[in-house]
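These are the structures in question, set out in turn.
Below, subunit A partners subunit B and then partners subunit C, in two separate complexes.
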Partner chain A sequence: MIKPFEIIGTRPVEGLGTGVTYKVWRTEFSKPGHSQTLECETFIIVPDGENIEEYLFEVLSKSGWI
Partner chain B sequence: MSEVYFSGSNSRTMFDRETDAAAEVFVGLLKVFPWARLEDYFSVSSPVYHEVLRDQVVTCCLPTTWTRRAIGPECILGTRKFCLEGATSFLRLYKIFEKAKPEWMPQSAQILFEGTNHAELMRPAPTSIDGFSDLYFKGNADEIEAAFDLPQKRGAYETFYGATVVNGQLARIKQYVYDTQGGFSDWDVVWMMACKHQSKQHLLGA
Partner chain C sequence: MSYGFLATNTNNQVLVSSDTRNLHFIGKPSVNQVRNVIDTHGGCRIFAYVVSSTVPVVPFFTMPTSDMYGITAIRNVGGNTWEIEVLRSGTSAAQPEMYVFADPRAVAPSGRHGMLVYRDDGTPSFDSRLRPLAISGGLLVAHPYNPKPVLPYGLSPYNCETPADAAGGAFVPDQVNVYSGVATPAKPMFSFSSVAQAQREAAYSAFRRECDGFDVYGNCVGAEREYSWTSRYWAFYRGGIRRLGDQVHAGWVTVAYGCNWTYMKESAFLGIGTGGDSGYGGTWPYSNETLNLAASPVIIADASRYD
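What follows is the complex of A and B.
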């Protein structure tokens, strides 16, 4: 299963859920023959009861990263 | 137009993403896959009937930087294949071929790459993708056409071949025809460079 992000680490965040540190990247062809790759490492809290990967995927999809 | 392949009565053309043809294909693609983005790919193919998937498939080529980041440096190329009627998609990843040559391959055939199929998180994939893969090879055109009962189709610049293998059995042969040099036309050069970059020089003398 290929995933468009890499989970670096997780830790519980009391009362909120699971804190997830992850990396995400995307490459775009801004103009003919020119591409740029953007990668960021960031953090998100996944609420209790949510599947971490699915939650992350939905957030990143809605934000336009993937 | 950067590449054409023939498989029986089916043929597929690959277009650079900046072309009107690519944009036109993508209009149709978005009707089934609204999440797809043209700017994510450097090439887009015409839809072609895939004999194993039994669906119309559009192939979009991913930037090498994305594929190597997502998969690893051993991956030479990645494409995303969109199956239009089933509304499914999957990744096809291309790596240097390092296994034994199948017995049914002609003597002159040298297999350069193997393409394998992979599902993506949260993207429905066809159920059959684990059952087949493709071998990409070069060789003597006369021998290959005779061995597989292929029509004579040869590019003025280069000709390469792809074999789709289903559960170990040959299912189809694709003839890739290049009349001029372009981004896809030098499989042998890409293979040689990849072998060097991946410290697989032992394959160069095979």
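What follows is the complex of A and C.
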């Protein structure tokens, strides 16, 4: 799995799952030597029983980051 | 007790007792002030009412729209003057009607017919001349943990330049817990205190690297510049309820929002830095947190009895 995201921290959310603070990024090149990376750091709750990385990948794919 | 008065129902629950105090209707104040006006992020209004009472008050409000409502403050502002605040989501001009109750020490009754019960200290416990509060129902509600589960890509990282009406769309709370089969009278009024709180934020960053020369395996031979921008958009929410038919929904209202930005530029020539340094660290006190999610009571009564 290509993972242009990083999990910064997790904490349990009772009755719901795991609260995950994460960072996701994408890099664009406007011309040789010139690049720009856009990054978003935010929070999501991954339900109990779900694999955190797979869940994040699916959410980020649907939202347009990946 | 060896003396006094006691009235119970068929379930042996106390209706009137000289050992307790019943709540009675003391007034229906109009909106004194509209505060915290927000027209983005799902909208917000806080309506302030003022009432006079010698004892603490218990307010009930109607919900004229399908927005979220909740009591955010009951405070004594001096002497016998009490201020009540009711929160509402949305941007309409509709205002909840306010019905205020207190124990019978609060106001002097008029009329000479009815039933009056005293406590052993000589103060009134129940006075039928003051229209006692009759409860018709109630429930416990809990709010969903996350007002807005997923924040989308697209807010600007540059100096918080996404305007509030666009950023607000990203933060509009859209999660509710639904409670069905809630019976309500013809003109229901509710007593519900907004206790649950939540904060949500997302930081959007942009890093730009420009090399005016030769870029050899990631190393710039020539003039190099690096820029970074970070904009942290946030919203703060309070819990509310709304009624839709025989359902009560527990959801969220945005009561504050904002954005914090940083910008940094670093320059180098032939690999030698020509200026720039920065650092950051530590933790924020509340970052993507939800507080006070324990179930809260919603008490329902018939407002038409007090019109």
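Here, the second predicted complex is superposed on the first by the 57 of 66 C-alpha atoms of A that agree within 3 Å, B and C clash if a C-alpha of one lies under 4 Å from a C-alpha of the other, contacts with A are read in each partner's own complex, and residues count from 1 in each chain.
Here is the rule we use: a residue touches a chain if its C-beta (ideal position, glycine included) is under 8 Å from a C-beta of that chain, and two chains touch if they have at least 3 such contacts.
No experiment lies behind these values; they were computed from the predicted model shown.
Student: Is A:S61 touching the first partner subunit B, the second partner subunit C, both, or neither of them?
Tutor: Only subunit B is touched by A:S61; subunit C is not.
Student: In the superposed arrangement, which partner chain does A:P4 touch: subunit B (first), subunit C (second), both, or neither?
Tutor: In the superposed model, A:P4 contacts subunit B only, not subunit C.
Student: Which holds for A:E53: it touches subunit B only (first), subunit C only (second), both, or neither?
Tutor: A:E53: touches subunit B, not subunit C.
Student: Under the stated touch criterion, which partner chain does A:P32 make contact with: subunit B (first), subunit C (second), both, or neither?
Tutor: both
Student: Would you tell me the residues on subunit A in contact with subunit B in one complex that are also in contact with subunit C in the other?
Tutor: Common interface on subunit A, subunit B vs subunit C: 25, 32, 35, 37, 39.
Student: So in the complex, the part of subunit C that touches subunit A is made up of which residues?
Tutor: Counting only subunit C, the residues touching subunit A are 145-146, 149-154, 157, 200-213, 215, 220, 287-288.
Student: For subunit B, which residues count as touching subunit A in their complex?
Tutor: 16-18, 35, 39-42, 62-63, 65-66, 69-71, 91, 118-122
Student: Can you tell me which positions in subunit A touch subunit B when the two form their complex?
Tutor: Subunit A reaches subunit B through residues 1-4, 25-30, 32, 35, 37, 39, 53-54, 57-58, 61.
Student: In the complex formed with subunit C, which residues of subunit A make contact?
Tutor: 13, 16, 19, 21, 25, 32-45, 59, 63-65
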